[in-house]
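First chain A sits with chain B, and in the next complex the same chain sits with chain C.
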Partner chain A sequence: MLSYVVRRLLYSVVVLVAASFLVFTFVSASGDPLAQLNIVPNLSEQSRQNIIDRKHLDDRIPVRYGYWVKDAVTNQFGTTLLGDRPILPDLWRVMKNTLQLVLIAEILAIAVAVGIGVYSARRQYSAFDYTATTLSFVGLATPVFWLALMLQVLIVQIYEQTGYRIFPIASLNSVDPGSGFDFVLDRAHHLVLPVIVLMVASVASYSRYVRASMLEVMGSDYLRTARAKGLSERRVTIKHAFRNALIPLVTLVALSFGNLLAGAIVTETVFSLDGMGLYFVNALLANDPYPVMAWLMVTATMIIVFNLIADIAYGLLDPRVRYE
Partner chain B sequence: MRRRFSTLSIISAAIIASLVLGPAAPAGPEGTSAGTVIFIHEQEPPSLRGGWVDNNLLATGLVTNNIWYGGQIYNKAAVFEPRLFEGKPKLIKTNPQTVTFRYKASAVWSDGKPVTCEDWKATWRVFVNPQFNVVTRAGYEDIKSVTCKGKAGTIVFTTPFAAWESLVSGGVYAAHIVRGKDMNQMFNNSIPVSSGPWKFQSWQKGVTLTLVKNPRFKAGPPMKLDRVVFRYILDTNARFQALRAGEGHIMEPQPQLQIADFIGDKDFKVQTAPEYAFEHVDIQLGPRGHPALKRPYVRQALMQGINRQQIARALFRPIAPGLPTLENLVFKPFEKALYQKHFNRWRFNPTRVVSTLRGNGCTGGPNAPSTSNSDIFSCPGVGKLSFRFFTTAGNQLRLLAFELMERDLKSVGIELIPRFQSAGTLFGSTLPSSDWDLMMFTYGGGPDSKITSGSLYSCRGDQNYGNYCSPKATAAFNAAARELDPRKRNALLNQGDAQLAVDLPSIPLYVRPKLVVSTPKLSGPLLNPTSEGTPWNVATWQLK
Partner chain C sequence: MSDRLPPSTPDPTRGATSAAAAAVPEGLALAYESGVELGERSQWTHARRRFFRHRLAVASLIVLVLIALVGVFAHQLAPYGYDEIDLDNTTRSPTLDDWHLFGTDQLGRDYLSRVIFGVRTSLWVAVFVALVSSALGTTVGALAGYYGGQVDNLLMRLTDLMLTLPGLAVLLTASVFLGSGDPLRIGLILAFLFWTAVARIVRGLFLSLREREFVEAAKAAGASDLRIIVRHMLPNCTGPIIVNTTLVVASAILVEAALSFLGFGIQPPNPALGKLISEGQSEGFSLWWLVTFPGLVIMVIALCVNFVGDGLRDALDPTQRRIRA
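And then the complex of A and B:
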């Protein structure tokens, strides 16, 4: 097991280095990072030269990549291209915001999906099962941006009709969020709509997996044995079927969680949430390779780590899996 | 098991109820105090260090213009009015150019120190320091000396600088704050002092920036409000929905079609007026452009073949009805005493275009303008009139403008080949390379931008990417940049523009409309066409 983990981590380092070089090359080659300065009237050439010198923009891309690696390792990802602004504090801030959003959405999505999946499996071909199946396909087919916009429109309509703003439609906090519990409540209030939007697709997908997995397990021999021994149906379902049915879900959640931490780009954009996704979009629009690279390193690391966790968890949950 | 389920249900219901009923406010932006105005804005400043290469943004100016208060300000008529200066600064000598100014005795920083000429001098030193990445040193680098006597100052220039009044009147840093500091790292997250009606209070990055009334501000009318909070909502739709949902009082949006929904709605007030930024199509006259464009009759055909009036109407009628076409590349329609309609001579006339082209020996095009035409003219020695048309991708207004132009010109036998690029590629590589035929984009600017028109239209001008070169226009624009008498300067600029209207290096389309949308509860905001930003008169703002 240990050698497997070490081997995977070593592969990951190679992947990270290769990915970072490719992304740096593509972002740097995609255009002049000082492009926006070309239409600034009376631009100070001295200022432009200062930036070129500081960021070695006159050097070839591999050389600039080398400087970036040095900055990333010794100077916490360095600074932004034009403003010389430290990258790590901003990245850390948006990571925390994204983590809040994604954690809440995933925990709730798993809870709801497991409930729906298990109940659907136990009541296969019932009205509930058909309804859940239909709704999950609708959930999977609903574009995230559309759902988010519709929720915003709905809230505005309710506000205009009644004068009550049920949920805020953008941002992470009110102007006066208070402190302590008030702040937490205010943040939770602002996250309701984004969490719903993120949850819909996750619930739809996870509930299908849970249902399928439960159905597979419930038809297995050892459950028949358990029933033959006289165990109650609830005990058979919860203690024997449910635990085994969860194995594929654990893998799925671990894999998708890593991706989600990269930033729920669409959700964060539509609700103007100061998270990883919006950070990445803004950095890309600014044609600034340095925050893009920092974002990439963090998200790639997360995805690698969560993939590894998924593999390890799978092995721990299913003794038949061997790490060769 | 059942009891556990009931407990969980009650807890869940309580959480949901607290989320819905707790913070949900019955009207009024987010339960704030009566003296708080929430300004919804589309962009968050990267720092509070305005005028730097990474941060020459309106978003920053909106916050800092009432902190680093100027000696004078452009009002809603784009005319200077005093702020911290006792009166207008004076040009006391033209050779060498010498200017004097004096701050009001009541002008003090929020920490109690007086605003003096030393602050101006410190600001000058910041802007001429080669280590600091300011966006422009224009004017500052032409100063020979600044002599201070308390509140009064005398500035002597080495070379004449026509835009001296703007330069002298700008906001200044506090000398006691910036002296000896690395300005490239200053004001990243806050500003410790203010000379204006509001001062910095807090900044929750990615969410809000809060400014509060400066109690020490006595140099003008004090703010009636307690606070102004900038709320940053980057998504266009969310911004408009937030205003509708009562999550803010005012916004200064880009010209977008969503604004049409607010016009005529009694719950909102929409102000609109043309601003200084203008849209135009530049014509490439250099060696990498289409050879036909060097022929005046082809440029005239382009000018007369595009229905500019219809474009302005189609793009902006719902949100800025009556927006005029631009008939002068230097002055804007609202600068009434100076605006001369030089380009008006090239009215939309498709029949004339066809006859002009045929009269110059062009063949293969239609005999008369026709919307179904697909024949393209070829002209002697320059080939087919088929031009690469560049503009930014993803901009709906520009796409619509292109489609209208393409249709107009196709009907008279001229073809436009679309080349839409990201702003980075367009302005970073394509524009300076001069490897394009026609390019549509916006020039920003303010009341003083006209003074440096030479950089755009004189031979070898810094930003003359279209390679236009006319000795007459160059002489006029260069003389204007050195002329200190505004009357003579404006005459020279109009002289230069008249030559542009003859040579047609660029097709002016329209000035962009500026818009302010606010709730009727908020009185006071007045649209300002300059880059001062809507809070330029924040002292008069009041919540009903």
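And then the complex of A and C:
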């Protein structure tokens, strides 16, 4: 087990290094990073040269990659291209906000999806089952950013009709959020809409998996045995079917982590939340490869860790799995 | 990216006579027993029949074809031009007058017409992405599955890479640093993200097909590798490939919309549905129709494509049958 984890981690490091080199080369080779300086008026040649010296832009790409790795490892991912602003503190701040949003959405989504999936499977081909299936199709076909906008439109329309503002439609906190419990309450109030938006796609896909996996388990022999020995239907569902049906969900949830971050990019942009997604979009808009690189590396690390946790959890839940 | 087709037994299509006999579809077996004349019915006839029994898929296909036709004949059908400004008719809510069904914006541009032109570009990009990524993915997947070795290794490592980075982030980075704007370039960038999924599916199918008797027989008969791949193995993968291509259309249209919405996809003067939504957003939420209708159209297209994909899966790939129609 331990050797499996170590081997996986070592392999992940290789993948990360390969990914970082590819992304860096690709980003550096395409276009002049200082192009946008050309439109800045009254820029002295000296300050331009300072940036070039600081970021070693005169060197060849592999050399620049070396400097980048050195910065990333020893100097907290270095600084941004133009402002020379340290990257890691910013990234750290937005990461906390995003994890808060994503984890809340994900936990709620799993709870809702499990409920829907199990109930649909128990009542296969019922009206509830058909409604849930149809809605999950609709949920998967809805563009995330559009859903976010539609909720905002709805809130604004309600405000215009009744003068009542149900939920805030932007930012993570009010201007004056207060402290202690008031702060938490204020944050929760602001997170309601983004969480709903992030949940929809997850609930749609997870509930279908839970339903399918419940149906599969419910047709199995050991469930017939459980019924045959006279267990109550409730006990059969909860103790025998449900617990086994949930195992595949663990892998699915962990593998969806990347999708969640993609959802966060869009959601945070629409609701202007100070999270990783908005940070990434702003870095891209500034044409600054350094925060983009840092973001990609941090995200990739998180995804790798999540996948590893999923694999280990899967092994703990399903004793048939052996690590070799 | 949807990867809902685990590599498993391929559907029995033409080319694999011995394999087909082993897995006769339910309907076919019944037909045999009842003595119904089977005559020259090919697998494709059966697939078509199965598809047309799937009412939801057929209805979705009709809606899709209509939407596509409207897009193709945008110039003839749209009541107004894409950028036609009419300052006498600004910010009108949806109305039947003058065909402003989707309302107008602050410059009096008709949103029905804009959406029609947007559908034209967005649908074109999505179909382009699906075709290019399928062609590329099928080629790589077939080579990797058939020959194994280096190609296979490279493919699997690439897949690992793809799985470590979130797709949308890679796309955004690519479109910023490669430059975006025109539909063709966005289509190519998207195709490069989507091809690995198809490649993995085809590779999986090829790995199991490679061991089958009819491939061995073809080899013994002296067929070249190319002939075995193209004539004997690929026809056995058509079902999953077609289904996946269809589903890619749905994902591509959603991802392209998100890219264009964020400002990293298709740029003006090219029309695109995602861009229309972000323009609508910038005009304020009291003009709700500007945001609502383009998004609704995206949703309808994606929904229909998914239903058609499901119908195709049931028709072409009976082993994968999930929902009883």
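Just so it is clear, the second predicted complex is superposed on the first by the 319 of 324 C-alpha atoms of A that agree within 3 Å, B and C clash if a C-alpha of one lies under 4 Å from a C-alpha of the other, contacts with A are read in each partner's own complex, and residues count from 1 in each chain.
Methods note: a contact is a pair of C-beta atoms (placed from the backbone, for glycine too) under 8 Å apart; a residue touches a chain by one contact, two chains touch by 3 or more.
Remember, it's a predicted structure, so these values are computed and weren't measured experimentally.
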Worksheet item: With the two structures laid over each other on chain A, which partner does A:Thr269 touch: chain B (first), chain C (second), both, or neither?
Response: both
Worksheet item: In the superposed arrangement, which partner chain does A:Met1 touch: chain B (first), chain C (second), both, or neither?
Response: neither
Practice prompt. Examine A:Asn287 and indicate which partner it touches, taking first as chain B and second as chain C; both and neither are also allowed.
Written response: both
Worksheet item: For A:Thr80, is the partner it touches chain B (first), chain C (second), both, or none of the two (neither)?
Response: first
Practice prompt. Once the structures are superposed on A, label A:Val13 by its partner contacts, choosing first (chain B), second (chain C), both or neither.
Written response: neither
Worksheet item: If you count the residues of chain A that each partner touches, which comes out higher, chain B or chain C?
Response: B
Item to complete: Pick one for A:Val153: touches chain B only (first), chain C only (second), both, or neither.
Response: both
Practice prompt. Go through the superposed model and pick first if A:Val184 touches only chain B, second if only chain C, both, or neither.
Written response: neither
Worksheet entry | chain B versus chain C as contact partner of A:Val144, first or second or both or neither | second
Discussion item. After overlaying the two complexes on chain A, where does the chain B footprint on chain A coincide with the chain C footprint?
Written reply: 30-31, 149, 152-153, 156, 160, 269, 287
Worksheet entry | Contacting residues of chain A [partner chain C, same complex] | 12, 15-16, 18-19, 22-23, 26-27, 30-31, 133, 137-138, 140-146, 149-150, 152-153, 156-157, 160, 212, 255, 258-259, 261-262, 265-266, 269, 280-281, 284-285, 287, 289, 292, 295-296, 299-300, 303-304, 307
Worksheet item: Which chain B residues qualify as touching chain A in the complex?
Response: 18-20, 22-27, 29-32, 36, 38, 46-47, 49, 52-56, 130-138, 184-185, 188, 204-208, 210, 229, 231-235, 237-239, 241-242, 244-247, 422-429, 431-432, 441, 443, 445, 449, 452, 455, 462-463
Worksheet item: Given the complex with chain B, which residues does chain A contribute to the contact?
Response: 30-44, 46-48, 50-51, 80-85, 90, 93-94, 97, 149, 152-153, 155-156, 159-160, 163-176, 185-186, 188-189, 192, 269-274, 278, 282, 287
Worksheet item: Residues of chain C touching chain A in their complex?
Response: 157, 160-161, 163-169, 172-174, 176-179, 250, 254, 257-258, 261-264, 274, 277, 281, 285-286, 288, 291-292, 295, 298-300, 302-303, 306-307, 322-323
